Amino acid sequence: MQPAVEFRNISKAFGPVQANVDVSFTIAKGSIHGVIGENGAGKSTLMSILYGYYRASGGHILIDGQQRDIRSSHEAIALGIGMVHQHFMLVENFTVLDNVMLGTEGGFRLGAKRAAVEARLREICQRYALEIDPLAVVSDLSVGAQQRVEILKQIYRSANILILDEPTAVLTAQETASLFEILRTFKAQGKTIILITHKLGEIMEITDQVTVMRGGRVAGATATAASSKEALAGMMVGRPIESELARAPFAPGAPVLEVRGLQLDDKDKVRRLAEIDLTIHAGEIVALAGVSGNGQSELLEILSGMRLPSSGTVALNGVALPFARRRDADGLPAQFRELGIGHVPEDRLRDGVIKDFSVMQNSVFGYQDKVANRWGLFDFKRIAQRCGALIKNFDVRPADPDMRIGLLSGGNQQKVVIGREVMAKPALLLVGQPTRGVDIGTIESIHKELLKLRDAGVAILLVSVELEEVRALADRIVVMSGGRITGGLKIEEFDTTRIGLLMGGMHKK
Amino acid sequence: APIAAPKLGIIYDAGGKFDKSFNQSAFEGAERFKKETGIKFIEAQASSDTQAEQVLRGLARKKLDLIVGVGFSQTQAIQKVAAEFPKVRFVLIDSIAKGGNVNSIMFREEEGSYLVGVAAAMASKSKKIGFIGGMDIPLIRAFSCGYVQGAKSVHPKIETFQNMVGTTPAAWNDPAKGGQLARSQFERGVDVVFAVAGGSGMGTLQTAKEKGKLGIGVDSNQNYLHPGTMLTSMVKQVGNAVYDSFSQVKAGTWQPGVAYRGLKEGGVDWVVDKDNRALVSPAMEKAVNAAKAAIISGKTKVVDYRVAGKCPV
Amino acid sequence: MKTTELPRWASAFVLPVLNLLSALLVAALVIHLLGEDPLESLKILVDSAIINPEGLSYTLFYASTFIFTGLSVSIAMKAGLFNIGSEGQMYLGGLGLTIALLTLDSRLPALLLIPIAMVSSAAFGALWAFLPGYLQARRGSHVVVTTIMFNFIAASLMNFIIVKYLIPAGEQNPASRVFSSAAEMPRLNAWLPALGDTPLNISFLIAIAALAVYGVMVGRSAWGYKLRATGLNHNAAHYAGVSISRMIIVVMLISGALAGLAAVNSVMGSTHYLSLNFPAGAGFVGIAIALMGRQHPVGIFLSAVLFGALIQGGFDLSLEKPNIPQETFIFIQGLIILFCGAMENLYAPAVLKTLNLRKG
Amino acid sequence: MDDIQLSSIVVSTIRNAPVLMFAAMAGLFAERSGVVDIGLEGKILASAFASAAVAFVTQNPWYGVAAGMAVSAALALLQGFVSITQKGNQLVGGIAINIAMSGLTFVLAQFFFQQGGRTPDLGEARLFDIVLPGTAALEGVPFLGWFYGHVIGGHSILVYLAFLLVPIVHWTLYHSRFGLRLRACGENPHAADAAGVSVEATRYIAMLVAGVLCSFSGAYLAIVQSGFFLRDMSAGAGYLALTALVFGNWRPIYTVLGCIMFGFFGAVQIQIEGVDLPLVGRIPGSLIQMVPYVVTVIVLAGFMAKSVAPKALGRPFVKSR
């Protein structure tokens, strides 16, 4: 049968970086085709070329057997190609309806068309069980719902070839399951799907074929059924991945963090956190599990000094944290860091790095006052040494301290952030979604670092929506729902169903 | 001693030599001199106070015989440069600078304004007259103060409306605002308006024409701008002052000091010409000329706002 | 391998020179249309602004003011704040030094008087920038809009103060009295008579020092790092422990103080009295300088000198060529800002191609 | 106090506002598409000059309006070239245009007309006020006569255009395909691009629209309000329009309200100058002139603290991370 897409010798360079080198493979019509590879392997670039966002510096693309020169997303859309990007491409202050209509308005006047499209969207939502109000404003929607809007857009445009770039990175297990349900329906309708993901379980679950990329090239291709997670991982990273990481026996020390009766009301007097009590000991990793948006982020923000609680106390090593009697949290994170609280933020691009600073400049971000002499001037030699060590210890690639960090792949950015926080030797480390969008090789090394830290006696609070990750790292699991702690369990008691119930807010009496 | 071919210079202020009023009048005086004697003069313009000094020094260094600075903004600069170049003669118009080689020429704007105030009061049917100034500075207040004194001498109960276009030099260049202010005054019943606002005044006089009200021009004779609605103009003979200064140098009769040019000296006046003949009634002409005679003879004293910084009316 | 990015020397020198040439080319066209010879005009311009020592000294005199306003705009810009209010801040700075001088200039020697006046001008400039800074930090009101408003307010306020309180009795010019000679900034021609009789004074040296301090503070200190982080990403800066609102207020105070100091050169270095509207647009030129100089000390210096040269050279040129009014140089300033500041990469592709061709 | 006449204030406000309204609506299009338009001032000035010069030479105001339109649109496209194609700094581009036009209009006016950077009076070549039929008949009727003759009628056609544009702009922005794309490009150009919308084309069209709208502002100044061109006659109107835009949160109706507010303050200021007010007495003119600016600051600081600019405003659209 005619393949839906064929890449022939695609190459693409960004300055000195070769993102794609001589990439050739085909995607069969009506199949779900997985594309995997380490961070920076060139997956997104390749898909962006297919979608007309970038122009390849060499090679051709064939769609349904015809060679096509796709110069813009407009042309890609005309060819029936749809793409759900790694970062959502939604206009946040538009309604769902307007987002869907954008680009396919069908006439200069929107008026009458709006009603027709709205009806059509309601119908689609019902058929695919999408649960979206077409008149809702996107910024009011949860991440999962925004993802569904992207899918809705593609269904509305009846894309025949659908590219999904890491669609599940921000989804909960349930949301992922329902996404896959839709993908299966698509497949049944004869649509072609290209799925990029770092989660090999998903590849095994849903794809028919897999292409593995490494360093911009195709490193291997196989039918999914003929392969295994381990084999794929090996192909991706070029070495076997340990499934169970070594860790010292659980031997918690003195309590490091003690949270008592913490509450948070937001601007509109809505209670975001209620009666939070939490203790973390030295040498212990406590994982905060829960569907995102249930107060974990707020708790992390309070503990790192980025936000003030409405009431309650927090003590670090027995000393109350200095947020009483403050009007705002301005400058507070610096004090917290001084006290020994490290923080890997959930959204690294928003909070954790300055995109326009170099890797070296970012390697002291938050610790800038520590690397200055008594005149407040930087000691550049010391900073360079520190950064060199970070790049080496955490295997940041490319190992160029002067590169703008925005040009690094997400995984490598994350390594810089984690390396920076680890090297500051905190007493308490707050870690938010440390491996979101990160490839399995890097996940392994990040996990190893966190465990090493735990073994060295650091108290760690981990916020993660990945139960796999929670299971791999935690000594204790605390589940949050609706701004409350709904339960806790030891790692030995790990039980997906029970955690699921707690996440849903079911208290076990 | 007479100088056969004196080297002459003139420096305009920020308005430039084509401002249709003050600078232009100076320019025309210099041109008249050139035409009559064939003696050329050097021109320059100073857009800021720092530059005024630079220009003056630049010209003084060329060993000119006389430099005329037009406008009060050159006061301090002339004072300073005159001290540096004792051999060069300086004339400052509209302000007083100290120095043994400086002649400061002041105009009695209040006297001329008094006359047009008399005319305005007599021409006004509503007994409401207006004044529109450019920038709110003492010189402009002196105009308005004389104008009101003149008007009140005719009708003590006459209502006067006064507006300034602005507070920055941009106020001289905002005809839209000048027109807007006039319109607003007309809506409040004003039917004669005196515009002392440089380029902004163009807007005022234009609006007067549109609304069929009377306008009074300033500095140069502006009657020709809108014949039929220009009641008169209060001229300030800056050109004569320049012409006279040039001639004095040539004749060797030039003297430093302070010279006041009022009605008596022919420094200020009102104008009746073909453009406004029809608007000036014999009674009005008689009254104005009587006022003029009274001021010249000293019978009427017009208060100068600048002396005490306030206006008696 | 083909280069895809320009080497540093090319982007730092070749491109700006090409851009400058383009601006001058357009200017030459206009001068030609006005009926004058562009080359001859350029020669007069360069002669009187750069080659003639006295002209050069005037150029540097104007540049001294521009360095301060350029720094004022630059430092705010580094923090992500677009301070359009340097003009008003400089105006108020003039009031600050005038108040100090009017009360003290007959009592104190220059050695005390000048520093006090400078502090006072900086303080008044800072004060005028404080409120926009405060409103941005605490209330989120756009500093762009508030500073535009504050410029208008400053113009009215200064007019009121000068006309009502500062004009000496019997004077015409709306300006303060002339200060005593103790208040005059020492002129550089006292040491270098070749500079001729120009107002170039130690403000120029102070400006150079300010550039150096700015360079070190912004580029090499922890504070400057926090400043730049704030400018690039508020969220991240907050994460890094920067007190954003304090940073914004402090930066606006510094920015205002620098603008206030620009008044020292104009007033105490040249006119020796406070006159209406003495900044004459120097604050706005500061915006152009900050943008063209990319907020880098060397860039600020070079653009300040360029603009100083245009004012000085343009002035002399208009004296010699009555067909070319001084306003022509306002137009040329605009062209230079357009080509060097906004279209900085116009020739980058062509230069890149040439470089790659040469490499074969 | 009786010197202050409400009727006169109302009429003045209507006449003051259009200069700002045209410019602010121009800015609205540019900025909603993501291009900062600090160059309004320069475009107003250029179109004022072009309109006055051409209207004078041809003695036809409509040729003047057309010329202003062409010049202002050309400048807007130049600004577009700088901001969109060259991806340069938009603020620099705008300020450069302002400065260049301040100089060039003077030089050209001086070159052509030799009147110190001024054009000659337009005389008959101005746009005159429209007198509605029946005005004279109603003149004597209290209120109605005034309202019909001076509030509804008695303005130049450009005044009507300014007010007519408000609903049109609102409709275009919120109910047309162009408006949807425009807003998307200003908020998230990457999303617009991914949806198949050409960000560059949308922004260029927006600039063109902005150029044309802005030209009316200049034409209004020159051939309606003043009857000639004078150097720097825009006197900050472009900046004030930009302020109104921020004030109105980049929404047409609120922005226009902002413009009307500035027009209103201008009108009030004329009225209270030199008048003895209760309590405060006579306020000096220079202090009265501060009032609109002070009020703007207070309003922005007080209940409009959070104005939300289009998210991508000022940022060139570059396809990269």
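Each chain gets a letter, A, B, C and D, in the order it is written, and its residues are counted from 1.
The criterion applied here is as follows: contacts are C-beta pairs under 8 Å (C-beta built on N, C-alpha and C of every residue); 3 or more make two chains touch, one makes a residue touch a chain.
Model, not experiment: these values are computed from the prediction.
Trainee: Would you mind checking which pair of chains has the most C-beta pairs in contact?
Mentor: Looking at every pair of chains, the most contacts join C-D.
Trainee: Taking each chain's centre as the mean of its C-alpha atoms, which one ends up farthest from the centre of subunit D?
Mentor: That would be chain A.
Trainee: With chain centres defined as C-alpha means, what is the inter-centre distance between subunit A and subunit D in Å?
Mentor: Each chain's C-alpha centroid was found; their separation is 46 Å.
Trainee: Distance from the CA centroid of subunit B to that of subunit D, rounded to the nearest Å?
Mentor: Taking the mean C-alpha position of each chain, the two centres sit 35 Å apart.
Trainee: Could you tell me the distance, in whole angstrom, between the mean C-alpha positions of subunit A and subunit B?
Mentor: Roughly 75 Å separates the two chain centres.
Trainee: Any chance you could list the residues of subunit B touching two or more other chains?
Mentor: Answer for subunit B, listing residues that touch two or more other chains: 136, 167.
Trainee: Mind pulling the subunit C residues that touch 2 or more other chains?
Mentor: 156, 159-160, 163
Trainee: What are the residues of subunit A that contact at least two other chains?
Mentor: Residues 355 of subunit A touch two or more partner chains.
Trainee: Dump the list of chain pairs that touch, please.
Mentor: Pairs flagged as touching, ordered by label: A-C, A-D, B-C, B-D, C-D.
Trainee: Considering only the defined contacts, which subunit A positions touch subunit C in the complex?
Mentor: 13, 15-16, 304-306, 328-335, 337, 343, 345, 350-357, 361, 365-366, 368-369, 371-372, 375-378, 380
Trainee: If you look only at subunit D, which of its residues touch subunit C in the complex?
Mentor: 82-83, 86-93, 95-104, 106-107, 110-111, 117, 231, 236, 239, 242-243, 246-247, 284, 286-287, 289-290, 293-294, 296-297, 300-302, 304-307, 309
Trainee: Give the list of subunit D residues in touch with subunit B in this complex.
Mentor: Touching subunit B from subunit D are residues 3, 5, 7-8, 11-12, 15-16, 19, 110, 114-118, 121, 221, 225-228, 230-233, 235-236, 266-267, 270-271, 273-274, 284-286, 289.
Trainee: Give the list of subunit B residues in touch with subunit C in this complex.
Mentor: Touch list, subunit B to subunit C: 43-45, 47-51, 53-55, 57-58, 72-73, 75-77, 79-80, 84, 94-96, 135-139, 167-169, 306-307, 309.
Trainee: For subunit B, which residues are in contact with subunit D within the complex?
Mentor: 15-20, 24, 136, 161-164, 166-167, 170, 173-177, 179-181, 183-184, 187-188, 199, 202-203, 206, 225
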